[in-house]
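The structure is given below, and queries will be raised subsequently.
First chain written, first letter: the chains are A, B and C, and each begins at residue 1.
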Amino acid sequence: GWKGAPEIRTADGWSFKPRGRMQVDLAAVDTPVGATDARGGLKTEFRRIYLGVDGKIPGGFAYRVEADVANNSVELTDVYLTYGTGPLSVTAGQIKPFWSLDEMTSDLFTSFMERAAFAQAFGFERRVGLSAQYRRGDLLLQAGVFGDNAGDLLDDSNNAVSLDGRVVWMPKLGDTQLHLAASGHWRDPNDPAALGRYRARPFAHTTDVRLVDTGLIDVASERGIGLEGAVIAGPFHAAGEGYWHRVNRTGPADPTFFGGYAEVGMVLTPGDRRGYKDGGFDRLKPTKPITAGGVGAFEVNARYDHLDLNDGGIVGGRQQAALISLVWAPVDYIRINANYGKLWVGDARVATATGDRDYTADTFGLRTQVDF
Amino acid sequence: GWKGAPEIRTADGWSFKPRGRMQVDLAAVDTPVGATDARGGLKTEFRRIYLGVDGKIPGGFAYRVEADVANNSVELTDVYLTYGTGPLSVTAGQIKPFWSLDEMTSDLFTSFMERAAFAQAFGFERRVGLSAQYRRGDLLLQAGVFGDNAGDLLDDSNNAVSLDGRVVWMPKLGDTQLHLAASGHWRDPNDPAALGRYRARPFAHTTDVRLVDTGLIDVASERGIGLEGAVIAGPFHAAGEGYWHRVNRTGPADPTFFGGYAEVGMVLTPGDRRGYKDGGFDRLKPTKPITAGGVGAFEVNARYDHLDLNDGGIVGGRQQAALISLVWAPVDYIRINANYGKLWVGDARVATATGDRDYTADTFGLRTQVDF
Amino acid sequence: GWKGAPEIRTADGWSFKPRGRMQVDLAAVDTPVGATDARGGLKTEFRRIYLGVDGKIPGGFAYRVEADVANNSVELTDVYLTYGTGPLSVTAGQIKPFWSLDEMTSDLFTSFMERAAFAQAFGFERRVGLSAQYRRGDLLLQAGVFGDNAGDLLDDSNNAVSLDGRVVWMPKLGDTQLHLAASGHWRDPNDPAALGRYRARPFAHTTDVRLVDTGLIDVASERGIGLEGAVIAGPFHAAGEGYWHRVNRTGPADPTFFGGYAEVGMVLTPGDRRGYKDGGFDRLKPTKPITAGGVGAFEVNARYDHLDLNDGGIVGGRQQAALISLVWAPVDYIRINANYGKLWVGDARVATATGDRDYTADTFGLRTQVDF
């Protein structure tokens, strides 16, 4: 088989496939004078450079080992061994702990270059742990106990534990794909000195500036609740999420931060539609790629994104954004994504040169992507 | 061919095979109050994540390039080019300098999750150099001249040189595999300011605490002598080693540290036995894997491990350990290893809260492993 | 197909091939007492350990993702996506910005272990950008706009821009390959505080000492002009280059540094010759490799290398070198390269123990190389 790269298989159930992706971004943020120093200028970067392998071993085993080397360093991404012969499968290793439709959708297939602000602000990341998944018909149950991200586990004193679970109902009604889901999360850093920081970049990863940012606050434990809904009907899709992130603190009041988004999109090329698979959006495959004399697939998306980091005495700021994207997939494994966003920030962490903390910003991005 | 991953070959002698391994550990150390701070708690980590390739080139050449990325960094492991058409082969690159049965056995196949304490204490590591191996019948001769580990060679002032050799006699008497070996080692750091530190973790790698530890001492040169013996008879095996590590110092007395172990083990599943190959233990392959309706292979092992870092005025401590392990290989390339150990430490580097340096500790570990 | 490693292809135009290289060096520099401390001693290192993949996607797309892990770190090398169905191709990602024959020739095929001193001194490196290449007949046009090396783009304040172009005329006259080329380069660091440092190692990479070195100077912008000429006639080849690197500074005079070399070489084994492809030297393939009962290919090269870092009030030093190399390729993908060089340094950055800055040095190197 060939899935961007050769998948080598044997008759008795072995398989092996190289994996990888490259995302080259050009992006910029335009804020009022003084708000981001000189750091938001037009700039290029490798957003992600993944290399890895997928394998299957007879008896119901599968593994993935993959890492991101975009920052001239190794950051392990999915690294796991799975076992399962029926609807139930068990996984040991590092995966995403079942957070949010936007997070569980591969960054290869998200509507916008950067995910919802809350996915960044609330520290969604892969973690090492033991988890199980049960799928029967339209129902998907996912739950696990996790330590921390592999990179943070290098610290000898890190004994963090989290419990994460998600329920997805994903019926297909005729040609229409529905997605309704809820997830719950609890994390104990197991460290009296633990600090947390909740913040998000302005939808451009080339800058390290976060306009909204709680600063470091002490964290006794964290609880999160997420709700997800989506529908794909022919060329159209809509999606929305809300996520409540409560930070339990030893002394002060416990703030509950909130983030969410609502999105609509439409595939412009006839016969094409967004993919959906196992609780997340999947690849947009042009029915008429440029190799078949077509123009590939085009898709436009619009999203309203909201993040509120003001609560319980913490003033991290409020950020609203209107985002539009134009996606072009000339063939299955190549994708160009152009983004524009308008941000409204209140109580911003970063003040303008005149000391103003309520202002607007513009963000622009262009991604060239190939995966295999 | 398929060896966990596809080995692609041509009729005229080319071959190419991806390589990799994943070890996810859960481990803990329980020591008296104060001895390890909070750092020994139950904790998970990626012990090893290797990715690499093996290749053969017509004319007698073979190469391997492999690295460990478990720590979100790259640590080159085996990286070499070998040439040899007969019993003699020559190797340029980074390999293990012919130390000890436990060290020369791949970490995929060792009896316990962590190797003998002396293998860690005396700084066994891979080094870049030129070496030769001669094998005829039951005799294996290995010798080389080495610089340092590739990671240490980045330091401009590192001009260390070591000479290492090993002789293995490995006759097969009927169904019984014998292994008798001796190795000798000499190393000159070529640096008047060179310091050495001899220490070992308490058989759990999730902690960075070493209960026995000489601290930094000046090192003019090092000499090591190792003796190895092992036997595999049907489902049973036994193994033992002793290693004397002498540190030549410019001023003070020259200490000789000692480490060793004695081990017995038994494969519980009928028809299965430990593998042996070229001077080291090899893969435990279940004759009835779970894909053939069996339970895979089960093996139990018990080891007494000894490390003495007290000599010549140095008081690094003495550590004795009784270790047991239960290994389960459901199929050839998957392996679960559960370990328990009881440690007796004297003159420990790390004192308890009451100042006691003679105490016991318990260690526990569980490894999930896949390789290809 | 097989090109050192298997290239897996489909009938409809997909292809996938692993890539890699290993260079193990032994090298030394001998300078007057005091000039390099103890740091030039005989020393080994992995010069390059590349791992990566090449792929083709139907429709005219091709990609490469590769990184150097020799320093126990990840340094992205060629990472790009190319599109082109005719003489014109467009590339997004990190590549070499069309500098110099010696630089554009893969380090697998250069005449000497280290490239011309000017290629190092003037900061030739891969950069992330957008570029185009047009090839028709004997003419090759290359141009692009680039940011910086991927590793430097991690710095949030890096907004450097460069424009680079090169014209190559490469006619084949009977059996004789000609190469005439010119390149032009301009770079703006877009940073008022930008500093540059122009320096070169003494043709041995195992040392970090640079005998010639301008030290850090402020840089407003840089302009470079390069001229290239080469000829391959049967077993003989000759090549020469000159490169003028002008540094525009805000206050002081603008220095123009110069570097260049002239080289002749001869392949000793009958029927063998240097390869040439697309504006650079290519693989030396023995017609009688050792697998065919031959001795492989032998080549000798001699080069005069010149670097002048004295100009406009800057005294970085002048370095001249006479270099000879003996290359042995027993088979296509294995290569041994032995180098000796004599250096004459004036106004050296590093003075001898007696304070002398005009002296000679000797350099020696031996490389063992395999690639796939």
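The working rule: a contact is a pair of C-beta atoms (placed from the backbone, for glycine too) under 8 Å apart; a residue touches a chain by one contact, two chains touch by 3 or more.
Model, not experiment: these values are computed from the prediction.
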Query = Draw the chains as dots and join the ones that touch; what shape do you get: line, ring, star, complete or other?
reply = complete
Interface composition of copies chain A and chain B: same or different, split at half = different
Request  = Could you work out how far chain A has to rotate to sit on chain C, using CA atoms and steps of 5 degrees?
outcome  = 120
Ask   = From the C-alpha centre of chain A to that of chain B, how far is it in Å?
value = 39
Query = When you check chain C against every other chain, which residues touch at least two of them?
reply = 18, 51, 73-74
Request  = Could you please specify the touching residues of chain A with respect to chain B in the complex?
outcome  = 8, 10, 13-14, 16, 18, 51-53, 55, 57-59, 61, 63, 65, 67, 73-76, 79-81, 92-94, 128-129, 147, 150-151, 153-154, 156-159, 190
Ask   = How about chain C: which of its residues touch chain B in the complex?
value = 2, 4-6, 18, 20, 22, 24, 37-39, 41-46, 49, 51, 69-74, 206-209, 289-291, 330-331, 333-334, 368, 370, 372
